[in-house]
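Below is one structure. I have some questions about it.
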């Protein structure tokens, strides 16, 4: 769904919460095949029995891609991604965990280098079903100013 | 392949270059289905004709996941991912582009909070077939010190 | 396998039964990614615990596509699909259910608008391992008359 | 996104239009693998050169599943699917076509058999980039009445 | 479809020809992700420009798996696979090639080690649209003798 | 990783062992969809309850493709595949089994027909977590002689 929002339309502290999604063994296998990362931490149950967690853990790149993807429900034609900062994975994601993402408008400032644009930072936090944070990052958007 | 490396085994400026991989329309479709992000920028050729690039562009999360995945060829049991900083997408990836990744040991320092560990930053840069940077990030590893 | 059949070669009440197929969590994830329908009824085990069934249920579009697909073993070059009527899903499909399809020649009549063609209705019914109907539809074929 | 709507909240003639999506060769291959329907009409370019269209055409079950899936953006906890009627494929979908779906509230009536429920028919029509209808069906919803 | 055949029901020289299937870029990408073999011969168009063929060539394991899979249309409950001999790939498969398989009953003999069983060798040959052999193997079946 | 090796660089008896990989239900479903082989031995849990093994068993083509794929970690630009001999599946692979492959340089001889090339046979053996052999084959490489 398209929702047009200029820089001035964002409000500090605004928050939105996505649907949940259960991360399955299928997602692990698809992600390995998609990225070529078949490290045994994600793919080998026997090896994982020798690790502290005792089971396969999700690729960080998958937790990021799905965590961010869950929030991809509204398109703002006045904004585009500049980059991401402080990407962290405080807790691992296991097969069967159900995650959702909460996006909060963090900081807002005029872009120092681009006239007519502001920077909006969306604090993007993904939680599992126990309320633990499994992914955190700061998504930097460049957003047009209203003329 | 497992290659055991302690913090002291890393050398500033060391670099490794991955194989190349052509990003296909299939990768676009798989990534949309994997993440649930079906934004028309990635999926709708008619819509994209109205944009500056004139064609579908890759999801940033895909460029990151595959760019990092290309480098997932050697496992170091003494290291694990702490996070990523400064993730950027200077140029878009189009269908048919061929990308490869260059990993360079950037900075190294003792971890201020974890005794017995150092931080190694792998500057991870993904290039297309024209030598343009399509992804840049700083991968922070925590690596055990040799006792 | 190609089996040429003119309208006159179909016989009311003829029936054929397909192989069985177990519907897996993988099928759920593939279908969501294929269609873009990530509704929590299909994808979120925590949400589903709050529903009457207590677990994820298959997309109706998947039960239809696989139920019909199971019967796609013989090609008749004299027939093509006109459409489907009365598509229903009397019981849900759960992960781990094994389904098969029974196709019965229901009604046959000359096509009122197309000279030289007849309409054959294939009653297409998909059952689970408990003999319950999980999908029913009427597949309308247009079939050439023998000259 | 959840939007709670009782029967009384639907309005005859209301319409919503989805995003567009380009149907790719990947979708054809994924659908064949997902359903097991590898008929040469969808999978064999040499065979298709001998047919009137001269190229591969999409599975009807895929056009239906994706056409309906495009509209799966808002969840109404007061409604569920009863079935579909009059599913038709007036024009074929070719690789590279871009489709979108328009949903219109068609007819509304009290459910004759279920006290406290009404039937809402969503006329679901999928168009290609030339404005031709490639799928039509009537999606019957059962929706709770406001007490 | 199940077709029960005892050893005595096979006839030397009998042959069956499968449907055709166009091998797509999607198949290349799926096979790489399924097997973990991302060698640039299959995945990197720039690298392949430097090779004699000038383009990506299919994994041998894929040509084998799909070539054999094309013939998986009739199940004989009296037979099972013992193994394969002489697996060869005389010509490469390129993206866009259309292949089909011809199975011929090659040799038949009593199994020297298993009382009540015979060995049937199915010469399995896969051709492209130019009639060139892209895969050849000898599929050894163990088949029950009629009592 | 590219490792250039001439015929003279191979040594009889040299061996390398791959990472492990757990074979999942997802792999079964992906392989069926990739090859079109939906035989109930791989796909139908109810049918499989009537067989000696009591559960679904992997396609032989998948055990081969993944078993060989596990070893696809080093590219030798002086070698290419001639074919495979004696492909066998001594034990079945079940969902949840973890396999790895051991490659041993078996026999080496000058190629009788190709001047400047030798034949190297890699005995390729795939084991499950109980140390049982689930796949064996002889991979014949043609390798350039050093001038």
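Just so it is clear, A, B, C, D, E and F label the chains in written order, and each chain counts residues from 1 on its own.
Heads up, the rule we're going with is that a contact is a pair of C-beta atoms (placed from the backbone, for glycine too) under 8 Å apart; a residue touches a chain by one contact, two chains touch by 3 or more.
Model, not experiment: these values are computed from the prediction.
Taken together, subunit B and subunit E share the touching chains A, C, D, F. Between the contact lists of subunit D and subunit F, the overlap consists of A, B, C, E.
Two chain pairs, D-E and B-C, are weighed by contacting C-beta pairs, with D-E ahead. Both subunit B and subunit D derive from one sequence, and where they touch, under half of the residue numbers involved are common to the two copies. Centre-to-centre separation between subunit C and subunit F, using Cα means, comes to 37 Å.
Inter-chain centre distance (subunit A to subunit B, centres taken as mean C-alpha positions): 16 Å.
Measuring from the averaged C-alpha position of subunit B to that of subunit F gives a distance of 30 Å.
Multi-chain contact residues, meaning those touching two or more other chains, occur in subunit A at positions 21, 25-27, 30, 33-34, 36, 38-40. If the chains shown are joined wherever they touch, the resulting network links each chain directly to all the rest.
Within the complex, the subunit D residues that touch subunit E are 25-26, 28-30, 33, 38-40, 43-47, 56. Here subunit F touches subunit E in the complex through residues 21, 27, 30-31, 34-40, 59-62, 64-66, 68-70, 72, 75, 81-89, going by the rule given at the top.
The part of subunit E that touches subunit D in the complex is made up of residues 19-22, 24-27, 30, 96, 98, 129.
The touching residues of subunit A, when paired with subunit E in their complex, are 30, 32-34, 36, 38. Listed in rising order, the residues of subunit A touching subunit D in the complex are 1, 73.
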